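Okay, so chain A shows up in both of these, paired with chain B first and chain C after.
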Partner chain A sequence: MSNLVLFPVVIPLIFAAILMLFPKKLHMQRAVAIAGVVATLASALVLFSKVNSDGVQAVTLGSWPAPFGISMVSDMFSVLLVLSSTIVTLFVLFYSIPTIGMKREQSFYYPAVLFLMTGVNGAFTTGDIFNLFVFIEVLLMASYALIVHGGEKPQLRESIKYLLVNIISSALFVSAVAYLYSVTGTLNMADLAVKIPQIEAVGILTVIAVLFLVVFGFKAAIFPLYFWLPGSYFAPPMAILALFGALLTKVGVYAIMRTYTLFFTMNTGFTHELLAIIAILTILAGCVGALAYFDVKKIIIYNIIIAVGVILFGISQMNAAGIEGSIFYLVHDMLIKAALFLLVGILTVIFGTSDLRKMGGLIKSYPIFGWTFLVAAFGLAGIPPLSGFPGKLLIVQGGFEGTHFWGSLVILATSLLVLLSVVRIFIYAFWGEPVKIVPIDRKHYLSMFVPTAILVALTVVLGVGAELFMPFISDAGEVLLNPSLYIDAVLKE
Partner chain B sequence: MEIVMSVAIGLLFMAAVYLMLSKSLIRIIIGTGLLSHGAHLLLLTMGGLGGTAPPVVADGVSVSDYADPLPQALILTAIVISFAVTSFFLVLAYRAYQELGTDNMELLRGTEDYE
Partner chain C sequence: MRTNDVMLQTATKVVTFIILMFAVHIFFAGHYTPGGGFVGGLLTASAIVLLMLAFDIPTIKKILPINYVVLTAVGLLIAIATASASIIFDVPFFTHAYDYFDLPLFGETSLHSALLFDIGVYLVVVGVTMTIIQTIGEDE
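Presenting the complex of A and B:
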């Protein structure tokens, strides 16, 4: 019993509510928003050290006994994700200040970001499947506000589709919860993990598991449910895109990882096989998109889809290497995607366009920016010793140890395509004949570049110091591999 | 009773799918409304329709008579959420109609600005 678990969820909520009181006071908005995220980060760090020393933390709201109240559970996996999502939000906020525009800042931009954070941290922390639905709705509501924020024509057009897709997947979510409840009679995840192995109707549970895969697949953008993502993510400004790319799909991925390791394990021969096949198809579909476009935003957006496939493939193997790899890669991907989107954002500001064919020769005027971009690109593709490498290595190892060596081969081969897709940006934008660029003053450039560079530096630390972080990753993997640790923490307090 | 409910849910889902496949934005929004109604009804039915007494301790009522309170609590939450989302969608549709001058989804494809 520890209320500490709730802090990363409640703190941004309170700060967002405070921020709504004075929308027009620019400096106050910025200061309070950053203070809110820093406070959340501090509480997440305290929670992290608590989980690290005392194991899984759980609290059931209203002091009800565990399966009846709503449980919030923080194991190493969820606290790592809470920590990385908070870090990403902090840097994106620093990046938003110079780029998002005064008008947006004064129309509830910061409260929306903090509400998004409430939803994301809540979804990572909750231990109840219906509560997961509620937190996903909270973050979706904030994301609806953010995706249409500013009301430009493409934003309005794309947010209609984004909203529609998410309403349909929410209705499916409610239906899936209904089926699950009628079969098991409980919605507490730990309790589900106890009851599902006792139920003999494996066929029905398999159908429910696949229905949940569809529901979370919509959020996570797996093949073939990713169709909405490239269009919708293309519309909002870069800071919002970085938040979405780093956090939103990861919530879906987290939900699949949690449910498929904790309780949908009754028929792994079918469900995890399906997951592995879908994961590989997702990677391939993402690669096609990443190579097909000449638009820098599109290239990185399709790289989100590739990463989702890689992470899910690791989970589908259900062995220590695969799961640890997935966790490492998930944390890496949150940081590197945010960093890449911010870098690409600076590119589009400098060139005034996001079309690669109209860029060129930037290495002479912005050398440090160029090399930072190259480091981030190599990190994404997983070149050792950068942060993409350890995760991918473990996932590939998991595939070879499991039954899907062909999946590992596809991941290795597509790593080259990922590298090609991002290095193409480097070649087009930084090499070749210099083209006319939009003059921006040094201070404005630095205010965008510094938070981005720190984020890239963090991913380098994560990669080079992988040995340092591995104990936490294997802690997280251990809870996913042994559901009894999770169950005991929730049900026996 | 469950059979009747199931048929009703099926009809709601059917109507919702039909409406959401049309081109007009307002029909799509009505479709999403029907879809969430269907989902809520499904939640109620799946939770079991049995139980004759409210789940409150009272004289002469045994535990087996209680109606299951959980599906009702879940539906209440889900209804509030779908209410909020539908109202947001309506405002968004109106604003989009003002800015873009159309509510025809065929014209809102939006692939023209990137090749």
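Presenting the complex of A and C:
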């Protein structure tokens, strides 16, 4: 029993409620929001060290015995994700203060961000499949608020699509949970992991597993369910886009990783094969999009889809290298996507447009910004020693050790396309003839650039110091590969 | 066109109080029988909405000068505080406490800490429902 598990979920909730009391007080809003995220970060760090020293932490709410109450579980995998999502939120908050606009700040922007964080951290922590649905709803509610926030015309148009897609996938989610319950008689993930291998009706369980893949696939934006993502993510302002790109799809990816390693392992020949094929198709579809557009936002948005494919391919291999690679790449991707969105955000502020063809020659006026962007771009593509490299290396190795060497080849080949897609931004925006840029004063520029640069620096640390982080990553992979660790922590607490 | 709504207004003045009483009854029925903060909150909100339909929004705002967003926040804080009290007593989150007390008039009554949580839920439901209805209603 350890209530510490709940702190990263409850703290943002408390601060969000407090922020709702005085929506118009600008400075208080900023200060309290940042204090809330910092407090969450501190609790996540304490939880991290606790998990690191004592193993998987679990608490079952309301003192009910484990399979009956709702369990909250924090293993190394979940706490790593909680930690990275909190770090991302903190830097995005710093970035939103100068960019989001006073009108938005005074109409519940910060409470919405903190509610989003509650949902994201909760989804990463919960050990109950229905509770996962609840936390995903919490984060979706907050994301609905954020996507229409400000009420500009494209936002309203896209939010209708976003709402529709998510309501349908939520309805499917509840149905899938009901099917699962009617077959197994439990919703506790640890208990599911015990009961599912005892059930002989593998056929129906396979159907349910695929249904869950569809449900989580909508959230994670896998092929062919990603159709809503490029349009919806394009509409809101950059700070919100960075949060969405870094966190929301990752919750779907996390849910697939958790369910497909913990309990949907009864028919891996079908389900994981399907996952591998879909993952590769997702990568290819993402590459087409990333190369097709001249809009910097669109290019990075399609790169989200590529990363989802890469991570899921690693998980589908079900071997140590693949799974560890996926975890590393997931953490890396949260940080680097947030950083890249913030970087292109600055780019669009400087040029006053997000169209690449109207940009050029920025390297003379903003040299440091240019090189920071190049580092982030190389990191995304996975050029050693930056942070994209170790994860991708392990995933590719997992593919060669497993049965899908062709998948590894596709990942290697598409890495070049990823590199091309982001370097294209660098070439168009920073090389060539300087074009007319919007004059922004030094202080405003620095208030945007500093949090972004720190985030990029963090990804560099993650890449260069990969050796330091690997023990944690293998700890996290250990739990995914040995569900018994997870089960024992929950059921025998 | 201004319709004659004397009948609606007169009936509302009585019915509102019946609904509110019923809301309180349902709220307290909540622990062992169907009911609780959620339904109680919805009933209360429906009583206020009925008032708004029979009279008009500005009048009701004058009678009930409540900021529903603040009400929601306060409700949330009460609910979280009740659940978080378990952290101080070092038992799993959401663990509730109860005991039997001899109250005047009621006799032996069981009192639950879950009631405090339900008050929070009640306030959140009233607050959120009224915020939604007011936002839609004022757009006309």
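Just so we're on the same page, the second predicted complex is superposed on the first by the 493 of 493 C-alpha atoms of A that agree within 3 Å, B and C clash if a C-alpha of one lies under 4 Å from a C-alpha of the other, contacts with A are read in each partner's own complex, and residues count from 1 in each chain.
Keep this in mind: a residue touches a chain if its C-beta (ideal position, glycine included) is under 8 Å from a C-beta of that chain, and two chains touch if they have at least 3 such contacts.
For clarity, every value in this text was computed on a predicted model and none was experimentally measured.
Student: Now for A:Lys298: first (chain B), second (chain C), both, or neither, which partner does it touch?
Tutor: first
Student: Would you sort A:Ile18 into first (chain B), second (chain C), both or neither based on which partner it touches?
Tutor: second
Student: With both complexes overlaid on chain A, does A:Val59 touch chain B (first), chain C (second), both or neither?
Tutor: The answer is second: A:Val59 touches chain C but not chain B.
Student: After the superposition on A, what does A:Leu468 contact: first (chain B), second (chain C), both or neither?
Tutor: In the superposition, A:Leu468 touches no partner, neither chain B nor chain C.
Student: Examine A:Ser159 and indicate which partner it touches, taking first as chain B and second as chain C; both and neither are also allowed.
Tutor: So A:Ser159 only meets chain B here.
Student: On chain A, which partner's contacts cover more residues, chain B's or chain C's?
Tutor: It is B that touches the greater number of chain A residues.
Student: May I ask you to decide whether A:Ile199 touches chain B, chain C, both, or neither, giving the answer as first, second, both or neither?
Tutor: Neither partner.
Student: For A:Gly151, decide between first (touching chain B), second (touching chain C), both and neither.
Tutor: first
Student: Touching A:Ala171 in the superposition: chain B (first), chain C (second), both, neither?
Tutor: A:Ala171: touches chain B, not chain C.
Student: Which residues, counting only chain A, touch chain B once they are in their complex?
Tutor: 130, 133-134, 137, 141, 144, 148, 151, 153-154, 156-161, 163-164, 167-168, 170-172, 174-175, 177-179, 181-182, 187, 231, 234, 293-295, 298, 355
Student: Which stretch or stretches of chain A touch chain C in the complex?
Tutor: It is residues 1, 3, 6, 10, 13-14, 16-18, 20-21, 23, 59-63, 69, 72 of chain A that touch chain C.
Student: For the complex, give me every residue of chain B touching chain A.
Tutor: 20, 25, 28, 32, 35-36, 38-40, 42-43, 45-48, 70-71, 74, 77-78, 81-82, 84-85, 88-89, 92-93, 95-96, 99-100, 105, 108, 110-111, 113-115
Student: Which of the residues in chain C come into contact with chain A in the complex?
Tutor: 69-70, 72-74, 76-77, 80, 83-84, 86-87, 90-96
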